[in-house]
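We just call them A, B, C and D in the order they show up, numbering each chain from 1.
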Amino acid sequence: MAELADLRITRLGEPRYDSPLAAFVAGRRTNEHYVSEDDRVLYHDTVSDLDGRAPDPHSWPSFEPGGPRRRLFFAPTRTKVGIVTCGGLCPGLNDVIRAIVMELALHYGIGEATGFRNGYLGLTPAGPDPVRLTPEVVHHINQHGGTMLGTSRGSQDAEVMVDRLVELGIDILFVIGGDGSMRGASKVVAEVARRGLEIAVIGVPKTIDNDIPFIGQSFGFVTAFSRAAQSISVAMVEAQAAVGGVGLVKLMGRHSGFIACYAALANHEADFVLIPEVPFALDGPNGLLNCLHQRVKERGSAVVVVAEGAGQDLLELSGATDESGNARFADIGVHLRDSITRYFAEQGSALTLKYVEPSYAIRSVRPDPHDAVYCLRLAQSAVHAGMAGRTDMVVGRRHNRFIHVPISLVISERYSVAPDGDLWMAVLEQTAQPVDMTL
Amino acid sequence: MAELADLRITRLGEPRYDSPLAAFVAGRRTNEHYVSEDDRVLYHDTVSDLDGRAPDPHSWPSFEPGGPRRRLFFAPTRTKVGIVTCGGLCPGLNDVIRAIVMELALHYGIGEATGFRNGYLGLTPAGPDPVRLTPEVVHHINQHGGTMLGTSRGSQDAEVMVDRLVELGIDILFVIGGDGSMRGASKVVAEVARRGLEIAVIGVPKTIDNDIPFIGQSFGFVTAFSRAAQSISVAMVEAQAAVGGVGLVKLMGRHSGFIACYAALANHEADFVLIPEVPFALDGPNGLLNCLHQRVKERGSAVVVVAEGAGQDLLELSGATDESGNARFADIGVHLRDSITRYFAEQGSALTLKYVEPSYAIRSVRPDPHDAVYCLRLAQSAVHAGMAGRTDMVVGRRHNRFIHVPISLVISERYSVAPDGDLWMAVLEQTAQPVDMTL
Amino acid sequence: MAELADLRITRLGEPRYDSPLAAFVAGRRTNEHYVSEDDRVLYHDTVSDLDGRAPDPHSWPSFEPGGPRRRLFFAPTRTKVGIVTCGGLCPGLNDVIRAIVMELALHYGIGEATGFRNGYLGLTPAGPDPVRLTPEVVHHINQHGGTMLGTSRGSQDAEVMVDRLVELGIDILFVIGGDGSMRGASKVVAEVARRGLEIAVIGVPKTIDNDIPFIGQSFGFVTAFSRAAQSISVAMVEAQAAVGGVGLVKLMGRHSGFIACYAALANHEADFVLIPEVPFALDGPNGLLNCLHQRVKERGSAVVVVAEGAGQDLLELSGATDESGNARFADIGVHLRDSITRYFAEQGSALTLKYVEPSYAIRSVRPDPHDAVYCLRLAQSAVHAGMAGRTDMVVGRRHNRFIHVPISLVISERYSVAPDGDLWMAVLEQTAQPVDMTL
Amino acid sequence: MAELADLRITRLGEPRYDSPLAAFVAGRRTNEHYVSEDDRVLYHDTVSDLDGRAPDPHSWPSFEPGGPRRRLFFAPTRTKVGIVTCGGLCPGLNDVIRAIVMELALHYGIGEATGFRNGYLGLTPAGPDPVRLTPEVVHHINQHGGTMLGTSRGSQDAEVMVDRLVELGIDILFVIGGDGSMRGASKVVAEVARRGLEIAVIGVPKTIDNDIPFIGQSFGFVTAFSRAAQSISVAMVEAQAAVGGVGLVKLMGRHSGFIACYAALANHEADFVLIPEVPFALDGPNGLLNCLHQRVKERGSAVVVVAEGAGQDLLELSGATDESGNARFADIGVHLRDSITRYFAEQGSALTLKYVEPSYAIRSVRPDPHDAVYCLRLAQSAVHAGMAGRTDMVVGRRHNRFIHVPISLVISERYSVAPDGDLWMAVLEQTAQPVDMTL
């Protein structure tokens, strides 16, 4: 569990400049809508969590709040900023890029930034040339999905990347990426420290699966499950129109079933939700096959929603030879499709199975307004943190408070659906599927 | 400020029955995704809030958590439930109705509920007959905006309504409505208590303006500001195409400017946001008219977003004779339209003003998936609270925790945009409008 | 009725250059998907229309087909082209601009065009400077509503405009605008002819009301009625939730009720549709007020859709003094609202009237895919016509064939809903409103 | 080519009853919006088509117009009607069902119809029981995708089905289905005739691929290509963000490439469109692989849209052994994916290929407003035809006229994209792909 020491944010040094926003924040006090820069946001939020702790709240685990500071480490108007987007697409990447550039220009007098293209590749000599990002260039990019900077997967050598930052005189690097990219950012931070440079690295965590811990919800997630819910509707409509109709929807979620859970709740129509965090069996009285068969008999059709990381234990048992001779390629969607088909045939029951896999349609769209607001505010927070000389951290919003979280912490574990939490309970209440499908 | 005593929830009596969900929740402990029914959710969340308090967290202000209980006050399968929707439309009303009925049926074995029609009117002899709500009846209603029960404004005599509840044998009444309706619910509670009846009254707070305190965000709000953001886009497109184009968008928000703020942030294109919480002047160097005129000169066009409750002081000065001779009917949208038109004419500047007022288009739609999930979970929470014998309370989700809040508290004040909070700061950062427009 | 002579298209002169598309169209013959440039499209399409005509089809009224020609009047790569958008916004303006620029560049080797800003104003010295339109500039504009060139209403002096065209060396001017703009284009053509210049003027007819004759459906119309249908849904949802609910929707359509008719058919939920082409009474047994009152009594609520130009005779009778003392400002929507309110009060019936007027929300959006395709193909057609040296004409698609129509013809009359046509019949079938509401 | 005799519609007998709509249509004459029931709609529409024909237009190929008749064969109020939906889903099925039921009830006094479930299966003893269709039952079904009657593929024995019709006393059977279903309908007609029964069979042609001839555009097609265009956007966004990005989109279209063409035109972003009607090579200078490789080198990314029926000749060469050992299962999408991957590897070029296959997402949605109107009017037309005693025909709208077409004709051939027509030309103009990709 995180303790106070784990939640400390690294600072490049003492602040050196007055912020153009100083007058703006002067005299503000913590209230329901604001946390003073001198205050901290508690990690815990229940009586039982705090019961028995030492009496001084300052000793309790707590986060540094986000937001503008009265004093800055980097000079307004003169600071050089780089931005890079890494990993898979996620709704909101362009919104974050745009908002960083706009915030720098409007409030810190920094009229342009350097956009590194195609992820960390753009920070190497082999990569594409960077682009100049000005308010004019980014003005409309939020109206498009994807990322105007392009992206790529994988990391690059930290020394090479720091060489490039030094060469271009970059003071602050904003990394928009997932846990892999944050590991890469962490290495850049270490190399920067090793050389004794004053370069800040601020992360904006991106994960369409919502599997990054300590930051509340990740940007783009609401948009993603909203689109995923449409796919469940597609499957339901197809299933209901068919004789013995079964809709099978495979959604993103290698390690965390958030998209599957939220999409199923939004849609109200999934009969079974299968996620990586909760094991299930195919066979047995409570196994998927028997329950699904029963549901189709009772209602004429049924919909199964499965996260791509669910039931991996089932694949280890059967995957190697059945589909492709290669366990790495085992696919729970295909495995379920084949298993259901076989079972219904064995039972002599009619089956019309429709397999829906929305994949890219979920992540390439522009964000819904809710996520658009969140991207904007995250990016504003990131700029404030960078200008104040924070580094080795990401911005997040937890329990409605914008906070700073050390990179080390967000890459230390995964956020996942708690089998005994209220989200999974809501799913069970909604689907009425067996609580334990392994029996 | 709320203290512990204010946050106590009334119980009709000791629980008398095992819950069908008992095994389900047994042994669960508080974690990031769950709060045990024996635990409480802290009201405060920063170090400064708790610094200097008595050391025992049990003495601090805290909320009862929502969720299923191991023991119930009302008998599963035999409890009679009523549902009523009151006041103006809001996205998600049908979702809440549906989820209450489904939760009762699936988990408490209560196969039907009584739907009172057209708000509290339906609880009087003069009102329309109630309808029978079963899973079949409500199955698809979430796919439509509005409320299948109809609604009406205004309260009715509490004695008459309690007579009706008694006549129909209702054990739990779910009231989905705004602060006015919650005042009505409060009177029903008092009358129930006066007669010594065992009828629970549980509120699901509804306010499209998001102006109910202590409950976090209200259902339908995300959908509402998403639609409102579309209207800002409409105004922007019109303004940009015209010579001296000004888009003026009047949005909901009598007392709280949340919709205006969030819609403006989502859209990124408002130049000025005017809300009830922050005064502004028309005249003067920082007044709207001069600033707007300048903005149009610089950029060719501009967009003004105004909440309907903004600038009421301006209307008191000028409204009475100009528009309709009646201060009650003064309309800030019309007033701004006329003032801008006059000012641009005085300055000899071209003006093409487009006035957009989306009104009903924002509130009559079905909820976006994010709100759909929230409605579902709020409704599940409400059912759990009712079955456990709670009364005189509403359900809410604050800082991501489902909680119970006394009705007295939610009608004690309004939730509004803090002029020194981070939301308004984000708006100022985004629009770059003057911090103080009264100078 | 149009005769052959009326349908002749003016040519600037004999073609002088081979088209880069020559090989492409060589050898094509008229078929279901193509009309040869040597063929013509018949105006008439029924046996009765042609019965009794002279036997030679060449003598019958017929249109010149659209499409690429083997030979051109203007030189590929060297021709200078201007584009102007005039009048109110309409979905698809940016699509047409984009497609003209792309077609010129990709197929005629003309890499840029001159964009005149803010309508005909941009063709005068007082107007804004023109912009350079290249494939890069226009690449994404179709993703936005409005027009990147801006627009304005009203015409300008033809001599001044031709001076400007000559000054800039423009060979072909594409005018995207409504009937007023086409009258302006006509004057430019006359002035060009008077001076003996070789400047082609090609119109792309724009009318959100679909009231331009001979061209089939106008671009953006499908998008417009689709949005209008949403407003009818809004009104219906509001009406159904209220006690004595009446939804009143005022839609565009000064002279033609197409938007009202199609939106009502799309929506299936209007109870009464009122259009300029079909008179109706308020009073009397078949008058709107009595019928509406009956409908609300029977069904609990009702929706009235009214085109802004409907019932003008009613306003002439009552408008002058009742609303604003000025007949020009009489507003059928407001008049109906007041009349309905008065009538229900007189009858002692409950009424909750919701007045919805979507206005700009309908016209400022980007086009639906159907209209996007149509805009693209219209623009391609316009470019082919211009390069071939046609002038004083507009492009259209009638009965699925792209055709050329003289400007004189499209401004000679309005296209409107025929009271004895099948569209109005479908509306009557759908609404079951009285066939004659004046009785 | 169709001649007059081919276009004659079968009548069950002389009309026997006055239509309730008689007064409504009396005295109407053919005009731009209406064709009199005594008139006919010409098949041909160009001068060259009619040049040299016998002078009497009555002898030319022409269609019987749709619409209400003054006299009916079947008795209003007493006629029994059946409805069945067959084959794959298509946007608008529920709209057609709803409109048939509403038209029967509102205008012919026939308050209910029999809905046969799961296609022709529902017309056999083995099938599910039929459902009663009343205005109440169908009132909201148009708000949902799919078909409330369910569907199935394949035909059933005509004798068995006619037995069932006789058993239930059905007078008119409306068949909503594709060419296979129309063949089935044809057999029912033959069996009805063999027995000398007076049962009318009216088809409403359904084909999401738009491949049914003589009927203009099929319902749901506009909605389908609109959704397909979204998938192209998805592919484009993914491709543009990647290093060596190629988006590959497989769309419906076994025999006709209409969806691929229209979606590509709507989207403006496809670089290559491959359809069944136009052969292409993978290799060679104009082959897909070289052209695609070039395009990616020039622009950084490219999008390929392929209809599922395209390039089947390529699969015959390579399919049998490569993918699954079974030529029937060869899949052009997978084949292209593999071929592109191999080619880029051979060239040593970076490639990030994203394969998008929207499948069910296109066909399970509710129709866009344009299609909703069309479904409504087609259904009204079908009811009029049935009540007038027509049989063995389908309704359609060709060149904006509602017409009757013999079933024999619509199953005689397929409608497809003409390689020398203007649609394909527009695609070539838009994509700038080689005119002949086999060179």
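Assume a residue touches a chain if its C-beta (ideal position, glycine included) is under 8 Å from a C-beta of that chain, and two chains touch if they have at least 3 such contacts.
Which chain is which protein? Per UniProt: A, B, C, D = ATP-dependent 6-phosphofructokinase.
Nothing here was measured: the structure is a model prediction, and the numbers come from that model.
Student: Return the chains shared as contacts by chain B and chain D, ordered by label.
Tutor: Both chain B and chain D are touched by A, C, going by the contact rule given at the top.
Student: What pair in B-D, B-C or A-B shares over half of its contact pairs, by residue number, with C-D?
Tutor: Checking each pair in B-D, B-C or A-B, only one repeats C-D, namely A-B.
Student: With centres defined as the mean C-alpha position, give me the chain A-chain D separation in Å.
Tutor: Whole-Å distance between the two chain centres: 42.
Student: Please compute the C-alpha centroid of chain A, do the same for chain B, then give the distance between them in whole Å.
Tutor: About 28 Å, centre to centre.
Student: How many angstrom between the C-alpha centroids of chain C and chain A?
Tutor: Centres of chain A and chain C (C-alpha means) sit 46 Å apart.
Student: If I count partner chains per residue in chain A, which residues reach a count of at least 2?
Tutor: 144
Student: Going by the contact rule set out above, which residues of chain B touch chain C in the complex?
Tutor: 89, 118, 121, 144-147, 150-152, 230-231, 233-235, 237-238, 240-243, 354, 356, 358-361, 364-365
Student: Inside the complex, what are the residues of chain A that reach chain B?
Tutor: Those in contact with chain B are residues 24-25, 28-36, 38-42, 44-51, 55-58, 60, 62, 65, 67-68, 98, 102-103, 106-107, 142, 216, 222, 225-226, 229, 262-263, 265-268, 368-370, 372-373, 376-377, 380, 399-402, 417-418, 420-426, 428-430, 432, 435.
Student: Using the touch definition from the top, list the residues of chain A that touch chain C in their complex.
Tutor: 140, 143-144
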